[in-house]
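Every chain is named by a letter (A, B, C and D) in the order it is written, and numbering of its residues begins at 1.
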Amino acid sequence: MQSVARHQRGGVGLSVFLPGAPQILAGRVAEGLLALMPWLSAILLLVLRADLVSSQLGEGSTVGRASMALLAAAGLAWAWSLRDVSTPPEAGAGQGAWVRIVRDPWAGIGLAILLFFAGLSLLGPPLLLPEDPGRTQTTEEGFLPPSMDHPMGTDNAKSDVFERFLDGARVTLGIGLLAGLGGALIGVTLGAWAGFTGGWVDRVVMRCVDFFIALPKLVLLIALAALYDLGPVTLALFIAFVQWPALARIVRAEAVALAQREFVHALRAFGVSERRILFRHVLPNAQGVILVGTALAVANALLIEAGLSFLGLGLDSASWGRLIKDGGALFPHWWVGGFAGMSLVLVVVALNLVADAVRDVFDPRADVTV
Amino acid sequence: MAHLRPIRALGTGALIVVAACGGDAPDRPELPPLAVSSDVPFCQSVAQAVNAYHAEQSAAHPRPADPRYGGTVVVAGGGDFRGGLNALTTGDQTDQETELHLLHVTLTRFAADRTPEPYLAESWTLEDDGSGITFRLRDDVMWHDGQPVTAEDVVFTYRRAMDPATGFLNVGWFQFYDADAVEALDDHTVRFAFTPHAEVMDPFSNMAIMPQHLLGDVPPAEMGGHPFGTDCPVGAGPYVFEAYRPGDQWVLRANPAFPEDLGGRPFLDRYVYRVIPSSSTRAGELAAGGVDVALGLEPVDAEAVAARDGVRLAAFDSRSFSFIGWNPRLPGLSDVRVRRALTMALDREALLETLRGEYGTRVETGVPDFHWAYDPDLQGPPHDPEGARAMLDEAGWTDRDGDGVRENQAGDELRFDLVTNSNTERETIARIMADELGDVGVAFDLQVVDNQTLGARLGNPTNRDFGSFILGFAPDFNINERDFFHSSSDATGYGWSALNDPELDRLLDTLPRIRDRDQARPLWAEYQQRIVELQPYTYLFFSQRLNGLNADLAGVEMDLRGELINVPAWYWNPETN
Amino acid sequence: MRSPLLEIRNLGVEVPVPGGGAAAAVDGVDLSVAHGERVGLVGESGAGKSLTTLALPNLLPPGVRIRPGSSVRLDGRELVGAPTRDLRAVRGKRVALVFQDPTHALNPALTVGSQIREVLLVHRGLRGGEARAETLRLLSEVGLPDPARTAADPPHRLSGGMRQRACIALALAGEPDLLVADEPTTALDVTVQARILDLLVHLSEARGLALLLVSHDLAVVSRTCHRVAVMYAGRVVEKGPVKAVLERPLHPYTRALLAARPRLTGPRTLPAPIAGSIPAPSAWPTGCRFHPRCPDALDRCRREAPPWVGLSPHRATCWLHWEPGGGAS
Amino acid sequence: MLSYAIRRLAVAVVLAFGVATVCFALVWFAPGDERSDLLLSGRGAVVDTGPEPGLVEAYGDWVGSLLRGDLGTSERSGNVARWLLARLPHTLALSVSGLVLAVVFGVGVGVLQAARAGTVLDRLLTLGTVVAYSAPAFWVGILLGGAFIHKPMELGMEPLFPLTGVAPPGGATSLLDYIPYLVLPALTLGIVLGAGIARYTRAAMLEALAQDYVRSARARGLSEMRVLFRHGLRTALLPLISLLGVYLPVLLTGAVFVETVFSRTGIGLAMMEAILGQDLQVLMGGALMFGFAAVVGNLIADLLYGWADPRIGDAVRG
């Protein structure tokens, strides 16, 4: 109710210049940041690289497409913010779980961080780098500290660290996402199946889960990565493969509980098929734990990918882990590995914050550890 | 921290008495008796004998009162001596130097002017027609277990080295030796017989003598993994093996019985070699006092070291050069135009500047500028990416499917494996290569292994499944690249890039036989020219060796001959504290 | 006459309300317990009985607080606003509490004996053999058959009744003057309930222990206590000697409670349920708080809070019995 | 309790067997010609004649030698078991001290947070633990190394701890001398693992403190410390014991990274060297050792749990 008042007072004016800011002031950090970020990025880009954008806009080039995407996002954010502040929200209207997650300030910050890195890794290379991506820019000197020319300095091979950082973001975040989602998919499917079906299926799956959970997974992954030549997809697959048991265990517990609920018996009595009950009724009710588990699985997968690259076992291409490895001891050249290390922690923190918020909203008592 | 770095003496005097009084004067406690131990059956009796002999000799030769005696030096290097300190199976630079100059002895050794001087051999006679040499051995050199070193040991060592079953890497040294070239004339006289050739003296300073009474029964093929090398290596040199912690450190102890004429007991009581893989960690440990000598620093770390008090940098020309080797057995790399194009695609000048800064020199062949046969007028392939592209086009490699990598008519990509060892410099080279070769449409898959594995991988004549490799190599003073490039070397350990080029074969066959340098010089120029044309390797640079030293460590000599050449003469400066 | 052991005056307890702010869940309760006296506190759940007992040594959950102006005196010493240190010296030592559910009131990870010894150590400084002997004595005093074994057992090995006995032993360990038992028999089997109540009466008489027994069941109170107070919606609505209140209840609520009681003797009629339930503290009605559920509610009941009526010691707050000019004696 | 222990032991044996099988499968199905040969030549002799043995035969052979405690012989490192055992103390010292620190940190912070739930301190610590929990061990190690070793050195001061993780011979004559080498590595593991334990402890403590028996304990006049630690923590910690079983694999994995960062020549670093040296025997030996350690750790955690929580033993007996 307080927020409504603040919402309208001067909100429209502020929205014109800083879409999202009124929402942030009203405590809706996530929505606000989500609107503010593309807006600020677009302005920054226009200030810094107006020439590039104007020459490429409308062209079919990567730069042109990326610029259009960013400008469109900024425009959308602007329109949404204006509309949002000029229409007062229905007071105390039943807030759905999703709205509550987005309006949780910590989750908001987490989502904003994730969006920031997603945008950076997708739009960054075409918009922020002078040359075509993939080609490491050789500079005049090695180990230059960060400057305007080299926002993250240069490394021992005289490469621009920012460029390597952006490449690494795509590898690390991409594989992390792929592996996390893959693991979640396997885990949710097996867990739900086992928990819902029960009987020997449940026993077999859960014994497998127990077994996998007891293994030092990363050590085995290290051995695996050393023995096999891994491409991006196989690497993601292997990481996914060590991710699923934790999720399967959580989802199974939820499915077991749900399978005993009366509405499930009722559905059966109505002749609804088992599969339909599982997918249409049981799984949606477990969305909280599934979401939390997935976020944590992605976080874990990121850490594993970075860890393998750090040990020199990941892909040949750049990765944040590789950058951290190349950074070696933090001093004196802290910028080589520092940005990647900090970003890695930030992204994982963001995922954890979102997971925590989801957990609080869906089931404050659930304790999910992956 | 509790290192055994001695507190430097303020004055001289009877050390033991002073220590007993607990005064604040020189305090370099005598080390406890040598206690080599092992649970390997072979080594148990050996260890006992070594311990007993060392105790006996320590009593017989107490540490002199000279304040330079005593203390420990901790030397850090990047790799473990995996094959152990067995000279017959070794191939790596630092362990070889440890064998030649610390644990074992050689017949001769190089004086400062790189000419041989007496060591185990007190004199020698080269036969006039150049077909044989006779060494007279000292009779006062003892194995560390108390047995005397005799001509039989020399015969044993050279025969094993020449036996292909042993797998001795530098078997090429004995190219001109007769089948039963080595014989003992008496207990202390040995004769070698060979076809006359150039630089005959070279092997005698590079081949450490191994104990026949311990290894005589070991079949040549089992020499490689024999526990002698790691658990109880016995030598006759100024330092005695004390302990080995795998992957971590080697500890050697001063040999009190080492003959006075050869330098006698070393000043330092203990020599510790620590394995610290990262150059920056070695430099850091040096600065922090955890080690006293940090070997093989990378330039960025060397400069950091040079800027600190209490440590100094020893930068000196080494014999070691870095290169990218190509496997000419592969379809793409067999084409000389492709190899030339690869070299031209690389900006080697920038590479040297990036990696070594001032601590390195460009090189076009394996003949270094300090060598008498060096041709100063030699011109290597220029850095010319455009030219490289054209040359690849001409060789039939074009990007037919537009994915940025060239293919031949059959549709095979110009893509190969690149193997190298784990080391920042090499990995950086690979990274830069990926960019620059990528620019001309060539791709490779990087494989990082360790030193020893890289050697084993390349040195296996029966399975050469690599495409290319980045390697460093330190030739002897006597350059003989027959092992590398001769068509017959395909079947030997060093023949990674063996070419099938009659012209080169002719030069390689002729050069080692010419004993007169003036006569050989024009042929050497021709040889270097041919190497540049054929580009079996893309030669990168000769590196200066960069070693960080504790400033209080005195008497250290390091030069082209090596960095451990005079360890027995190293001492802690008694003047400083 | 000695001053009462416990004297509660105008006790108010505020609980947080979901929308923000606070509401008085206990609102102006007056109650006293004399030395050795057994007093029952009766009402439906939500009446504020438990909060009243928890407020005594201030064991209220976080966010719940005692309203200013309340007074709880123990032997004349004010406990409201007393520092935690002093309160801790009261808890267990002067006033001991026994809770409804013995299963959860005992720490499952510790043996019964060790939990008793802990109190002996803290309040009486007993340790070693002395403490062990006293533990066994206490356990046998509360009628546990094999004290030595019980002491060594973790709580989950005891039956519900034994656990409650153990809880009582724990409560006695500090040698308190007042035992506050909050629904001590509700979680137990009917057959066990009576024995626990007998035990409480026995202990009270043997030790001169005062007892404040909280229950929703008038029958429990009737067989145990000397006096009873009936609570409704945060207020005491009727109090007096047990016999008088049970035989001639003044307040319609008390009557309803009596009617709702299942009878073991006499004509077997179905208990008459009280329509509706106690509203939440934030939504308490004006006037007499019972009026929405009162079959005899007057107009006045809706507007004005009723005064105390009846002859001391049996009194109630109800307009039905109010006679202008009469009232309190 | 005994039947419980036997049951857990049986599970552990099955797990260990599974670990071994996974390791075998990893190698057997890996691409490359010499790999299956390596498994067969486990005992040093090179298999050069005779028909290629089948999967079953090779597996049986391999398990057989494993049961004799034989991890095979590698050309590069000799007897693998001996090679790894020589480095076990470093890993063991690191893991144990890291675990101790993690429990001390984690439980301490978690209890503090629960005792001060809802305060600014609690929120700050929550944020701190989320960050520490999200940081990979190698990055924490690098940060600690930067702060205590490399930054001081950059400033020209003495580093606060030795750069590399093991003492030279004669360098550490007593246990006390060994500690400086252990501080940062153990701290790294302690922080990373401790953050998880803290998060868990806070939640468990809050739940425990909401229990009736905690209120009962307060009603008995026990001091807040006593209530927190003896009644709240004790129950909250019970599940933590079994959680430690889950953490053990994490701990061992962490050891690989920490050993790499601090150049501690433990089993983790041996495995990394083995990878560079393509020393399959040592790599698999290390993986097996870590796997078995995890199984044994789980077993110990289970048994401890059964011992610490009387309900478990009874539940099984009943």
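Keep this in mind: contacts are C-beta pairs under 8 Å (C-beta built on N, C-alpha and C of every residue); 3 or more make two chains touch, one makes a residue touch a chain.
Quantities reported herein were computed from a predicted structural model and do not represent experimental measurements.
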Q. Out of A-B and A-D, which chain pair has the most contact pairs?
A. A-D
Q. Which chain's mean C-alpha position is nearest the mean C-alpha position of the whole protein set?
A. D
Q. So what's the Cα centroid distance for chain A and chain B, whole Å?
A. 50
(Q) I'd like to verify one number: the distance from the centre of chain A to the centre of chain D, where each centre is the average of its C-alpha atoms, in whole angstrom. (A) 28
Q) Between chain B and chain C, what is the gap in Å from one C-alpha centre to the other? A) 90
Q: Quick one: report the Å distance separating chain A from chain C, using the average Cα coordinate of each chain.
A: 54
Q. Out of chain A, which residues touch more than one other chain, so two or more?
A. 229, 329, 332
Q: Please set out, as single numbers or ranges, the residues of chain D touching at least two other chains.
A: 149-150, 153
Q: Could you please write down every pair of chains that are in touch?
A: A-B, A-D, B-D, C-D
Q.
Looking at the complex, which residues from chain D come into contact with chain A?
A. 15, 18-19, 22-23, 26-27, 30-32, 35, 130-131, 133-136, 138-139, 142-143, 145-147, 149-151, 153-154, 196, 200, 203, 243, 245-246, 248-250, 252-253, 256-257, 260, 271-272, 275, 280, 283-284, 286-287, 290-291, 293-295, 298
(Q) Which stretch or stretches of chain D touch chain C in the complex? (A) 211-213, 215-224, 226, 230-231, 234-235, 238, 308-311, 314
**Q.** Complex contact set, residues of chain A against chain B
**A.** 134-136, 138, 142-143, 156-159, 229, 312, 316, 326, 328-329, 332
Q) Given the complex with chain A, which residues does chain B contribute to the contact? A) 278, 280-281, 284, 300, 304, 350, 354, 422, 424, 428, 431-432, 434-435, 438-439, 445-446, 448
Q: Can you check the complex and tell me which residues of chain B touch chain D?
A: 1-4, 72, 74, 82, 224-225, 227, 230, 243, 245-249, 251, 272, 274-278, 281, 284-285, 287-290, 308, 421-422, 448-450, 452-453, 457
